[in-house]
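Okay, structure first, notes after.
Every chain is named by a letter (A, B and C) in the order it is written, and numbering of its residues begins at 1.
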Amino acid sequence: MLILLWPMLVFSEFKPWILFEAQSLQASWQFLASFVPPAHSGEFLQLLMVATWQTVAIATAGLTLALLCAIPLALLATESLSISMLETGRMRLAGGLIRQAARWLLVLLRSVPELVWALLFVRIVGLGPTAGVLAIALTYGGMLGKVYAEILDSSDVHGTETLLKNGSGRLAALFYGALPEAAPELVSYTTYRWECAIRGSVVMGFVGAGGLGQRMDESLKMLAGDEVASMLIIFVLLVGAADWVSTSLRKRLG
Amino acid sequence: MLQHPPAPPVISRSTAVLLMGLLALVTASFYSLAIKWGELFSADALRSGLEFIAGFAPPELAGPFLLKIAGATLETLSMSALSTLIAAALGIALALPASGRMGGALYAITRLMLNVLRSIPELVWASILLIAAGLGPFAGTLALAAHTTGVLGRLFADALENLPPAPETTLRINGATPLAAFCYAALPQILPQLMSYTLYRWENNIRAAAILGVVGAGGLGQMLKYHLSLFQMQQAASVIIAMLLMITVVDGASFWLRRKMTGS
Amino acid sequence: MSLVLRGLCVHHAQAAKSALDDVTLSIAQGEQIALIGPSGAGKTTLLHTLAGAIRPASGEFSAFGTSPWKLSHAGRHQLRARFFLAPQTPPLPPRQRVVTAVLAGCLPQWSFWQAISSLIRPGDADAASDALARFNLQDKLYARVDRLSGGERQRCGLARLLVSQASVLLVDEPLSALDPALSLQTLNVLQQEASNRCATLVCSLHQVELARRHFPRLIGLRDGQVVFDAVRDDVTDAMVEALYQNASGITAGADVTDLMAGARC
């Protein structure tokens, strides 16, 4: 245990005493003391509201674009709508290749962390919410697409199969068989991801992708404790509200 | 002659309000963000984007640089492991009062604390803790530990609350101290659950630790930020590939472990 | 002959025994046939093969003069619209409304946009209502499928058959969740519908007496093979008894004697 722990402590430069050195104690104390009272001038609160809305908007717009990219990819990646799978238990070569390609694309999209996408997009499109929206769209597109395909594959396929066997088209079978079967699970997962996207969009603000995160980064750099304090409060409330909205929506479905 | 069927029922009002609200939210989001589609898809942007991507090739593969990447990867792994250990210990300590074993006042306070710890993401913690702990992996470790304590503490507390109370009360009635009763009755029951939560969080923390460095808290992220800000794209490409490799390996290992555990 | 099988064998994936073994049949358009035999005899597999849903391992299968498995992928799928396969468990998603579930029978004829708009506003509610009325279910038109009882759900699945425009109706144990009175009524509706539109009806049944009373031709199936294929008057009690005797590996007699022998030692 110690043999493992020791190099870990060294690598992570674990020196708790730093925290208690006079200099850093003083800095922390000054910073913490400036938390009270939180900034509450009208002008600042207005700024904060705009930033908060921007955070929610980035998450919502990003997730909408993510849906546009996830749905077609999930339909390509799922096995439940394959007619050749029904006939022989195997997929035709072309269909199988397309399916594998869609899966690899989904893996690639979601393996790169959203923050890295955001860093790259900030370089391409410049500072601002556009980078955040694109980063969420790509990462969450990958996650949603993969999970949608899994949900479609694991839900009851009897209805879909029968429709296909009776000669209905693949998309029609999706809307009349697979979707009514899996809709609650799909919607519930999407709401959960929306909640995650709100948290993600705050984080991406730290690399310059707009919203609450960017403001917080600026205030932290200026050591403006009172502003940081009100932002943290707003942020905890925002996350709590998103959590509440998404759980109550999921309860309604369940 | 059969009569005509009745008209289909209209959708309920609450569903309609929900759908309209959703539509309004999406429209307002796109409208207020004023996304620069034009710049994104103009020939100019396309060219600079392609140039940007072309700049990544070939990734830097020189020996000393790879050694540096290996170091940063070890740093990332250490940060995640150490912070998960700290968080598991603190999580249990906070879960005891947060499961309602020490009275209502402590319950409310610790639950609030866990919620605050949990709802602030690692990256925000890191940028706040930088002030106290200075640049480097130590701040990152503390930040990961803070957020993870919130997550694990809440999961542990919920597990403790849902435990059937009989074994523990029996020991208490027979005269055992509260701590002894907890260690002998409650702990053995929830230990497997605690282990699996902790391992799951460790996996999560490895991903998180990889990007924490973007605000200066050590690990691979710090290297990425550094090279990107100097426009050293080939080095940045290697760091991104290292990140992807690490995440893939960890995912594969945990998938394999889980299959092993459930398979046997 | 509208449907012809010659020396047909079907294997299921991961099964040692073949599900259908050297089956030869020919069925004329408009015929009404009952398929009987013990559980696991291959009745369901035969129905699915006739619907063109399972690819036979060997042998010939032709429908309406063409061989589905020699057609292109798309051509074969088009041919499927002329068949209607009603599986034993009704294939209805629990959260769907009955009207949508019934109208899903029209999907092969509908364009994609017709299908989508019918989800919002039922495209042919009259047809769905008429179909349900023939099973006395017209008041369930806008109910949700998961609010129906087992028997209602089964007849709702058959109402889908009534709105389809198929000319071969393949029905797998349509009476398994119904009481005797409803069984009779449901069977009458199916047979009437088949003769009204001159469709072929192949129906697998466990109620042998009902089958002998109502169907002009009976096919006995066991262990994937056709045991008899005869008109109603030629089917004797002895043939039926032989069909079901010691079925599907239940060799009770042998076991008992073995046990007795063991006890004597």
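Everything that follows uses one rule, which is that a residue touches a chain if its C-beta (ideal position, glycine included) is under 8 Å from a C-beta of that chain, and two chains touch if they have at least 3 such contacts.
Everything numeric here is computed off the predicted structure, so don't read it as measured data.
Centrality by Cα centroid goes to chain A. Among the inter-chain contacts, the highest number of C-beta pairs connects A-B.
Separating the centre of subunit A from that of subunit C, both taken as means of CA atoms, is a distance of 47 Å.
Distance between subunit A and subunit B, defined via averaged C-alpha coordinates, is recorded as 11 Å.
Computed centre separation for the pair subunit B/subunit C is 52 angstrom, with centres defined by C-alpha atoms.
Considering their complex, residues 2, 4-6, 8-9 of subunit B touch subunit C.
Per the touch definition, subunit C reaches subunit A in the complex via residues 13, 48, 51-55, 73, 77-85, 87, 89, 91-96, 100, 104-105, 107-108, 110, 112, 115-116, 119, 164, 166. Taken in their complex, subunit A has these residues touching subunit C: 83-84, 86-89, 92, 156, 158-159, 161-163, 165-169, 171-173, 175-177, 180-181, 183-184. Contacts from subunit A toward subunit B in the complex involve residues 5, 7-15, 18-19, 24, 27-28, 31, 53-54, 56-58, 60-61, 64, 111-113, 115-116, 119-120, 123-125, 128-130, 133-134, 199, 202-203, 206-207, 213, 216-217, 220, 223, 228, 232, 235-236, 239-240, 243.
Listed in rising order, the residues of subunit B touching subunit A in the complex are 25-26, 28-30, 32-33, 35-36, 39-40, 45, 48-49, 52, 74-75, 77-79, 81-82, 115-116, 119-121, 123-124, 127-128, 131-134, 136-138, 140-141, 207, 210-211, 214-215, 218, 221, 224-225, 228, 240, 243-244, 247-248.
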